[in-house]
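Two complexes follow with subunit A in common, the first pairing it with subunit B and the second with subunit C.
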Partner chain A sequence: MGEAMTSAAIPVVVEFSGGLEMLFADKQRLTLNVPATDKDNKPATIAYLVDYLCEEEMGDARKDLFVLDGHLRPGILVLINDADWELEGEEAYELQSGDNVLFVSTLHGG
Partner chain B sequence: MDRIDHLRREISLRESELADLKSQLALAESEHRLARQAKPWAWPLSGEEYQRYSRQMIVPNFGIEAQLQLKAAKILIIGAGGLGCPAATYLAAAGPSHIGLVDGDVVEKSNLHRQFAHATSRVGQTKVSSAITFLKDLNPNVVYKAYETHMSTSNAEEIVREWDIVLDCTDHPTSRYLISDICILLGKRLVSASAFQKSGQMMVLNDPPGQGPCYRCIFPKPPPPESVVGCGEGGILGPVVGTMGVLQALETLKVITREAPPEKNMMLLFSGMAEMPFRSIRMRGKRKDCFACGEKPSLTLEGLQTSMDYVQFCGVRRPVSLLQPEERVSVKDYAESIMDKGHVLLDVREKELFGLCHLAGAVNIPIGRFMNYRGDEVPDWVTDTIPGGEPIYVVCRVGNDSQVAAQKLMDMGLGKNGRFIGDIEGGLVAWKQVVDPDMPFT
Partner chain C sequence: MPPTTCIRCQTNRAVVKRPKNHHKVCKECFLAAFEDEVHHTITSSKLFQRGERIAIGASGGKDSTVLASVLKTLNERHDYGLDLILLSVDEGIKGYRDDSLETVKRNASQYEMDLKIVGYDELYGWTMDQVVETVGKKGNCTYCGVFRRQALDRGAKMLKIKHVVTGHNADDIAETVLMNLLRGDLPRLSRSTSIVTGHAASEVKRSKPLKYAYEKEIVLYAHHKKLDYFSTECIYSPEAFRGTARSLIKTLEKVRPSAILDIVRSGEDMARLTPDKDQSSCACDEGESMGGCGSANGRSSGNELAEMEASLKKQSNHASLETDVSAKSNATVPDTVELPLRTHRKEGLGTPLQKLGQCTKCGYMSSQSICQACMLLDGLNKNRADIAI
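Take a look at the complex of A and B:
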C-alpha cells in the first residue's frame, strides 16, 4: 500500500449556495478527494481547497466571481461543518477527513 | 388616456379613504361597546383584542405576557416589497403598538406576483400608502407611520431613532450597509433577510445591541458590483421571498417576546427547490476590528451624515466597452438597413428570457455558454447555431453581454475571412424604447 502514502487524499464534501453553483456546472454538491498536502508538502488548508476548486473543478471562465486578488471574493461566506470559518481559523484551517465545506454567496434581493 | 388615468386615481383615492373610514368605524364601534358597559373594564386588553389575538395568546409560553410586550413594541420595516409585504402583514396582524414603513417606490404591475399587500387597483400609488391601506383593513388597532422616501444618510437617524426594532427588507448592498450602520449607532436590533430566484437568507444582527455582530462583521467588504444582480434582472419566485418575509416576522416576534437573548448567532439559508430546503448555520460573533461596531469603531453619527457615501463604497457596475464603434449598430440602423438583409441575429440572454419574447428570426445561445467555454476552437454549439458566413449581430438586454459574446466569437476566429461580427447597442431595452413599444418584455 505504498502508493497510498504518496497519493494520500482527504475526502471532503463541498457545497455551494446563493448562486455560486452556477460557476460549477450547476452542481450544488461535490464529493472530492483533495490531495492531503500542497506542493510545498504542507497540509491542505481551506486556502488550498479554494485554489484546487478553481484549477480542477470550475468550468466557468468567471474566476473573479469566486477569487479576487488571491483570496475568496468579498460577499462569500465559508461554513466548515455548518459553522462560520472564523470560528475555525479561516483560510489556515487544515482540512479533515469527512469535512463539509459550504460556500455561500450573499443574496441582496428583497 | 388622461381621463382613464384620472378615473383610476380617483377610484384608488376613494378606496383608500373608504378603507380608512371602515377602520375608524370598527374602532369607534368597539369603543362604543366598551363604553356602554357599566362596570369598569378589568382586563389588560380590550374585548376586541381578546377576540382578535386569542389564537396566538393561547399558544404555550406565548400568553398574555407576550401579547402585552408586543402591544408596547414599535416596529420599523424598511422596504415595502417582496419581504416587507409578508413581514408587515404578519406583524401588523399580531398587534404591535406602531408599525413604520419606509419605501420610496411606487407599485408596479411586475411587483404584484409577490408583493401581495399591494393591489392591481393601486398600481401607480406609493408602495407605503398602498401597503398601509391593506394593513389598516387587516388590523386598525395598530398606528401606522408612513415614510414615503428611500433611506439615505441624511434621513436615516430621524427615521430610525424612535423605533424599537428594525427589519431590513431592502434589495441592495448600499441600503443594507446603511441600515446596519444606523442600527449600530442607535442601538437597534436588526432582523435582516434577502431573497433571489429560488433562495433566501436571514439573520438577526446587533442582538443584543452592542453585543451581536453587525452586517459589516459578517461582510466587511461589499461584493464586487458585477456580482450584484437584482430581482428585476434575475427573477424571484413569490413564495420564496414570501417565506423569508414570514420568517423575518416570526424572528421579530421571537426577539420582542423572548426571555433571554440567544447564546449563538444563527443564519438561516433557504433553498426553495432543494430536497432539504432549510439549513441553519452558526455565525461568527462581532469582529474586533469592525469599522462600525469593533473595539475602536471609526463610525460616528456625524460621520455617517456628513462623509459616508454608500453608493461609492459598494461601487457601480461599469458599462462594458469591448467593441469598436464600427462594430456596433444602433437599434434604428438595425431596423432600417440590416433587418431585411441576410444576417444572423444572435440573442445571448438566458433561455427563459429568450423564451418569453425575442426578435423575429433570432437564435439563442445564453451568455453563460460563452463564459463556461475555455477552448480555442470554434465549438459545435456555435457552428450548429450559427452556420454559414453571414454577418453576425449579437443582441442582449442592454448591450453589455452582447459585446462580451461578440468578442468571444472573434477570439474563436469566426471573424476571419472578413465576416462581420458586431452587436446592437442598447439591446432590447433600446429596441422597445425606440423601435417597437409593443414588445411585451425585455
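Take a look at the complex of A and C:
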C-alpha cells in the first residue's frame, strides 16, 4: 500500500499481545499506512482502525474474538502511545501520524 | 485531547484510568497504588505469618506472574519474612504447557525463587495428551481440573509447604459468584468469596491475594512493569471464554467498571447469610480452584453445570438451605445470623470444619470413600486396558 495510491495515509504501528496475535498470523507488530479518512471522508479513528484490521489484516475467521456487536470486544484493552484509551476518547480517538496502538487481551490464560 | 495529569502526583501524564474509582494516574503512581492495595489485602486479612513458606501456584500466565512479582516486591519492601517458592503443574500438554513452563523457569531466575514442577504423568501416570487421546476433547477439562487441584496440594506437600497462593483476581471471583448464584450453589458461593480456603482438613490452605485486583489492572501492571508472561489459550479448550459468565462480566465492566468489585462484595455479603454446614460435600472439587488457568472458570461450560445440577439433586439437605432465604423475610431472626463468619480463616487450625475422610485408594482427602481423581483414573485405566487387549 504505497502513498501514491492514497492521497493521505497515516503511518501507525499496531501491536498485539495477551493472545490476540494468534488472530493476526502470530504477528505481534504491524507497521501500517492507514487511510487518513474513512469512506464518509471523516478522519480515521480507532473504530475505523479496528474495522480496517478486520478487513485487511486479520487472517483468522474468528472475527468475534476481536469485535462483538460492532465494537471492540469487551475485555480487550487498548493502549494508545502507552496510555489507556479511556483517557484518549476510546473509539472516537483520531489517529495521528506515528501513533502506537497496542491491543491486549485480558481474556487469555492466567 | 490534551494529556491528562496524574491525580496523585500532579506531575506526570496519566496513562491509566482505574476501573474501581476512575482515578487517572501515571505509570509510577499506578504501580505503587496497585502494590499498596495488595499489601492492604494481605495485612487486613492477616494472610501470612512471618517465616511462613509460601508456594505460588505459577502457570506462567499474567495472573500468577503478577502475583509472584508483587509478592516478591512486597516481601522485600514490608519485610514479611516469607520464603517464596514457585510451584507449577505440568499437565503434559505439548505445545502449550511446555512453552508456558519455559516462562515459569525464566520467572524463577528473574525473581530468584526456587521452582518445583509436578507432572500429571508422575502423579497419575497420565498426561493430558494421553487423556485426550482416550476420552476425546469433550469433557477433558473435568479431568484436568480435578487433577490440578490435587497436584498443587501434592506439590506443596512434597515441599513441606502448607500454604499455596493462587492468582485468582476480582474478575474470576465475580464470575464464580455469578455462576454459583445461577446454580443456586450456596456452599460454594460462600467458599468462592473467602480469601482463604480449605486448610482446616486438607493440611494445605489456599489463598488469593489478588482477590480485589481487577484483571484489567493485572494486565496493565504486567505491561507497565514489563513482566515476562505467557498468553496462549490451552489447545484443548481454545475458546473457552466465549459465551460464558466471563463475557457478561466484561460487558458489565464496560458499562460500569465498579460492577466487578460490587459483585465480589455482594458475594461476600450473601456468603454471610449462607450456612456453613455443607462445607464438606465438595471440598475436593472447587470450581474456582483451578489455579493457573486464566479462563478456568469459563472453560468448564455446560458440562460442569450439568454435573452440578445432578449433585445438587443428590443433596438431601438442600431444602434447609432454601428455607434460610425465606426465613429472612419472616420477623423471626433465622439462626443463620449466628453462624460464624469466615471461620475457616480465623480459628480453623484447631477446629476442622470439614468432616473429610481419606480416599481409600490414594489416601488423599476426600468426602467420598474414593476421591474424584481416583474415580476418573479408574475409568481411564479401564479404557487403557481395553485398548491394550
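Simple rule for what comes next: the second predicted complex is superposed on the first by the 100 of 110 C-alpha atoms of A that agree within 3 Å, B and C clash if a C-alpha of one lies under 4 Å from a C-alpha of the other, contacts with A are read in each partner's own complex, and residues count from 1 in each chain.
The criterion applied here is as follows: a contact is a pair of C-beta atoms (placed from the backbone, for glycine too) under 8 Å apart; a residue touches a chain by one contact, two chains touch by 3 or more.
All figures in this text were calculated on a predicted structure; none of them were measured in a lab.
> Determine, under the contact definition given at the top, whether A:G89 touches first (subunit B), second (subunit C), both, or neither.
second
> Look at A:G75 in the shared chain and tell me whether it touches subunit B only, subunit C only, both, or neither; answer first, second, both or neither.
both
> Look at A:A61 in the shared chain and tell me whether it touches subunit B only, subunit C only, both, or neither; answer first, second, both or neither.
In the superposed model, A:A61 contacts subunit B only, not subunit C.
> Would you check which partner chain A:S17 touches, where first means subunit B only, second means subunit C only, and both and neither mean what they say?
both
> By the touch definition at the top of the document, which applies to A:Q28: first (subunit B), second (subunit C), both, or neither?
A:Q28 contacts subunit B only, not subunit C.
> Just to be sure I follow: which residues of subunit A are touched by subunit B in one complex and then by subunit C in the other one?
17-19, 22, 62, 64-65, 73-75, 77, 79, 82-84, 86-87, 102, 104-110
> Enumerate the contact residues on subunit A facing subunit C in the complex.
17-19, 22, 62, 64-65, 73-75, 77, 79, 82-84, 86-89, 93, 102, 104-110
> So in the complex, the part of subunit B that touches subunit A is made up of which residues?
79, 81-84, 168-173, 176, 193-197, 199-201, 218-224, 226-228, 230-231, 234, 236, 241, 244, 267, 269, 271, 274, 279-284, 368, 371-374
> Name, in rising order, each residue of subunit A that touches subunit B in their complex.
The touching residues are 17-19, 22, 25, 28, 59-62, 64-65, 68, 73-75, 77, 79, 82-84, 86-87, 102, 104-110.
> What residues on subunit C touch subunit A, complex-wise?
Going by the criterion above, the answer is residues 1, 3-4, 13-17, 24, 27, 59, 61-64, 100, 167, 169, 171, 215-216, 218-220, 223, 230-234, 239, 241-242, 246-247, 250-251, 253-254, 292-295.
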